[in-house]
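Below, each structure is written out as structure tokens.
Note that chain A is present in both complexes that follow, paired respectively with chain B and with chain C.
Right, the complex of A and B next:
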């Protein structure tokens, strides 16, 4: 609707700005459904002709991450990888957006009339189909996507504490480690055996036991969070940062000294249970539950505690309960993410969960944006993609990424997309309501 | 008993590194209420700068271009390293912290972390992955006191560190600039209105803190002569813990907490497997903070003003 009004407003723009505004107008009417159609078509196309196209234009195989890695490694292949991107991704998406937008708008409007869960499910199914087809081309893509989704869970759960509640918690690597080790202990103990001497269950039960293992890992992480949550009643801010930091060091050191779990050598042989659909379902589940949590009354209480604890207390917010529940909740999801992480990599060692992990997790949260679910998703996906794409640069990567983050912090101190509510209805709704479009398409009065 | 005394001597040396680094954290934290997470890496930079100055001076005097006795080279190395590193600190403040003065505190913590990563990687990129060996500036003499063995470097490090700490304390307590630092730590909003230059004070605290870290870096090189780009990380974080443990803006508290960290490290490693070091020392810190949530000498305060 908005765009149609813009259309009529006679404000001539010049040069690049005019192109940019017409570019935006071109895409402004496409609902999420339309984009998903475009992405789906692109990934189908890649599955069908990706290999042969790549061979014809002189690439040995389809570029893994949009050709950036190839272009950085061998600059003379830049034109071919750009051509590949153009043919496989850009042209199909633009075509779909151009011609299917009215259909997508009509479908989205129809879905909006049905229950919200149905609409959300259809969108998620399309997203999953796209993801499946995209990762089908290359195993490395599958690994990157899985790690990206695990990062989304981690970032979201940390954002609940650091963004919504306003504490500076450094304990997340500890929670992740707890979840990773406990979940691996269950699955390896029950289905692989090895040194543990547990009763071995038949293999076909493994996918059913895996959620239990993950939840158990999350529960143990939440138990560990009690250690951080209790001191948080008495102190806030910087001292809590130290307490959580101490917790992280303690957990790491604990696993380094637990010889039965491999000690510093690490713990491997996890069964291959974290497949793409499993990780996808857990990620969607976590987004849904965490979003509901922060939008609930408790979620509002979190912001109250962050902005002024005394005032919140005076306004009958139970600050103790709020802090306790939040820490346990965040730690639970960090633990679940840890369990998934362990089964994606299929090997964990205590060194993974140290200061480097902490810097990475904090960077993702503050890069994406505080106090916003969508920001956390953007932060996790953006950071992971950037980090994988720049891999060929080796050392320089660790100068470029920090520099980018510093720039983001200077120009947007709370992150890229901060303090925005995640409104599912708004995201899924059609951009142009069908009625108006029909009116538009009717030729002028005859 | 002898091993105990020997460990006390080692812990004093080990703790003086922590205390010197922690003072830098503590001052920045006291004045600006910000975590300077790049500080551990400034310690590393100071150590490398000291390495280059010492190597340069030693080879110059070996070539006969200048003739300086060992102690003069040592003093020059320490002073020059402190001076140059304080410039690095001021630069870090200018790039990473001044634009974020009014931003949420956590954002500045992130820029600090990122500057730290840039310093590490930049070092790795420029100087390569090989570790450097810090040259022996003065000849190490070992002498025995009973059954406790002492070296002249150990005594030198502990005494000079203590002198630097006393000098800092005097500076903060008895000079006009020191008074400005204390006033800023007391109230960040009103004090600038009284004509205290915020930017100059911020630069001063970063410079002073970095100079102390550089001294710690040179001393570390003298005691444990292997340098690598990542040496600052764990030191930095543990000193950060010490700085908070000491209480906000308290020099004495920070020094005590720094030595406590040193003692915990050394004694835990003596009586337990050394892999248990972090486990036990951080458990003890957790217990201390549970009973004294605002550190040894800190008062309860609200960080609300800066959020």
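Right, the complex of A and C next:
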């Protein structure tokens, strides 16, 4: 039967599918700029009327994460939180998308003619403004957002090794721990003092020293990576997985037994240096640099090593150097993320950097998608949001999240958005209306 | 002194003598064929010269310099490119990316360029892309540049391998059964491409092939390898009519 295959068969498509296609068409014309406008408006609105609206409809304060947490804790408040989402988020965004799309398309087209970095900066500024306003409402949101961004860095850096290069590394928690402790040591030692008899510098220098501390943490993590890389990259196979797992445990027990650093009790009092803009800038920087790397011909060598190492060698690729550099690079970013993490939480403890952390990081990488920058961002954001939203479920959360992961593995074995290039131009470009509906409504020639 | 010279190369896998007393010399613009029954050690000779194995005895000279014992990517970068008998493509990469990557050793922008997208890198990547597209044009697959290789038909995949090897800008090109699995029409096209690149780049080509017709038509000299030893060497006609070669391929008549 031809008509069953043909999409434009005379029998009209019914129900959900029809609505879905017009729904998609409605949104498909909006460029990223339009969405950012909508999100910005929503967060401005929330800052203005969020509290009063929440009180009026019977909530004690604005829902932290879109009301999911409230609805799970106290189901009878579900209608109120839905109403809140509708008024604060959905209606403003839909309105902006409906009325500002042509303007956003024109602006995006104009920006695309200017240098790419300018266009990217404008988008990032809008994103930051939205994030700032959204987290302004609630401190918990700020914490979640910062941890989410740290997760993005960690996920991306692990994806470089496990996804792009196709080796299986388990040592990331170790690198994060190294970065966290080293960066904390520098900042606490120089600006807080306490048990450490360092020189105390004036406080106003702290924001300038912080990047140095982070980079130092990253460098030490990379040094640790060198220890793993030397024995394990001489041959291929499972050696890296085993050696890196051992490394993770060694680092963990090192910090557990290092009494001057608090031992198993942990190490606190980090100064409040990982503010929202700082974390945001580091996250954007890491995305930019990692994306640059994996898109260069030098970065493509990682894929060649993964897909066929012998051929890579025969095509002049120095495979051993490639593997080493990549592993150190990934460890560096994990270390930086660790430093940020320590200063977001303002307390570190060796127990954080164990198997559970490893499982979490691996889950984010494989959930989001291998070999894909976008996938890693989606994986980190998705996993963190989900994990925070489902927190009221307590034990059930650890059943639902693994279940979701299993489903992803069954239906998309390489992750949600795998093997896709992060094409900035494509993401930022204006979307011209495709006029799908009109084409579909034309009756077939037969 | 010829461009590529192999002197009395012998190799053992444990107690097994895979290649014995093998000699070779190829000059630019020459096609040298290597034939022999399955398991004779043809691909082993390729692997020995390209550095995947290091020969137990003997020496290999490229341009007068010994390349014995060097790592494969160093040998490749010094001008010795190869294709593989069983295609060894990178399954998640596009055709253009394959060819671009083969210029890895010529990249000068370094890690700073890789991390920060410097103007130098942008320019160099553009140059590489342009050169790669020229090679794809020669191989007749320019229109497939952005296709992921696993989506290509077999014949096109063989062409990708050839274009990729050419991107190294080799002096010597090793072709390991370049027409395996191709139909006659594709085979003729491939022969044309091989001839063309030889002329255009003044290459020395070392060719392993099973199809007699291809070897006889293309090669200037042919060696026949049986159990790791060369039993016949010379012009294609001489080798074709050599009784030892016929024996090796068809078997001896058993006298009863």
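The rule we apply is simple: the second predicted complex is superposed on the first by the 420 of 446 C-alpha atoms of A that agree within 3 Å, B and C clash if a C-alpha of one lies under 4 Å from a C-alpha of the other, contacts with A are read in each partner's own complex, and residues count from 1 in each chain.
Here is the rule we use: contacts are C-beta pairs under 8 Å (C-beta built on N, C-alpha and C of every residue); 3 or more make two chains touch, one makes a residue touch a chain.
Every value quoted in this text rests on a predicted model; they were computed, and no experiment measured them.
Look at A:118: by the touch rule set out above, it reaches neither chain B nor chain C. In the superposed model, A:427 makes contact with neither chain B nor chain C.
Within the superposed three-chain model, A:409 lies in touch with chain B and out of touch with chain C [touch as defined at top]. Of the two partners chain B and chain C, more chain A residues are in touch with B. In the superposition on chain A, A:201 makes contact with neither chain B nor chain C.
By the touch criterion defined above, A:301 lies against chain C but remains apart from chain B after alignment on the C-alpha atoms of chain A. In the superposition on chain A, contact of A:419 is made with chain C only, not with chain B.
Contacts of A:212 after superposition: neither chain B nor chain C is touched. Shared contact residues of chain A, touching chain B in one structure and chain C in the other: 308. Of all residues in chain A, only 289, 292-293, 296-301, 303-304, 306-308, 310-319, 325, 371, 419 touch chain C in the complex they form. Listing the residues of chain A that touch chain B in their complex gives 162, 166, 168, 227, 230-231, 234-239, 241-243, 245-247, 249-250, 252-254, 256-257, 263-264, 308, 355, 359, 362-363, 366, 370, 395-396, 398-399, 402-403, 405-406, 409-410, 413-414. Chain contact summary for the complex, chain B toward chain A: residues 29, 35, 95-96, 99-100, 103-111, 113-115, 117-118, 120-122, 124-125, 233-234, 237, 240-241, 244-245, 248, 273, 275-279, 282-283, 285-286, 289-290, 293-295, 303-304, 307. Residue ranges on chain C touching chain A, taken from their complex, read 50, 52, 71-73, 76-77, 81-82, 84, 88-93, 97, 100-105, 107, 109, 111, 113-117, 121, 125, 128, 164-165, 167-168.
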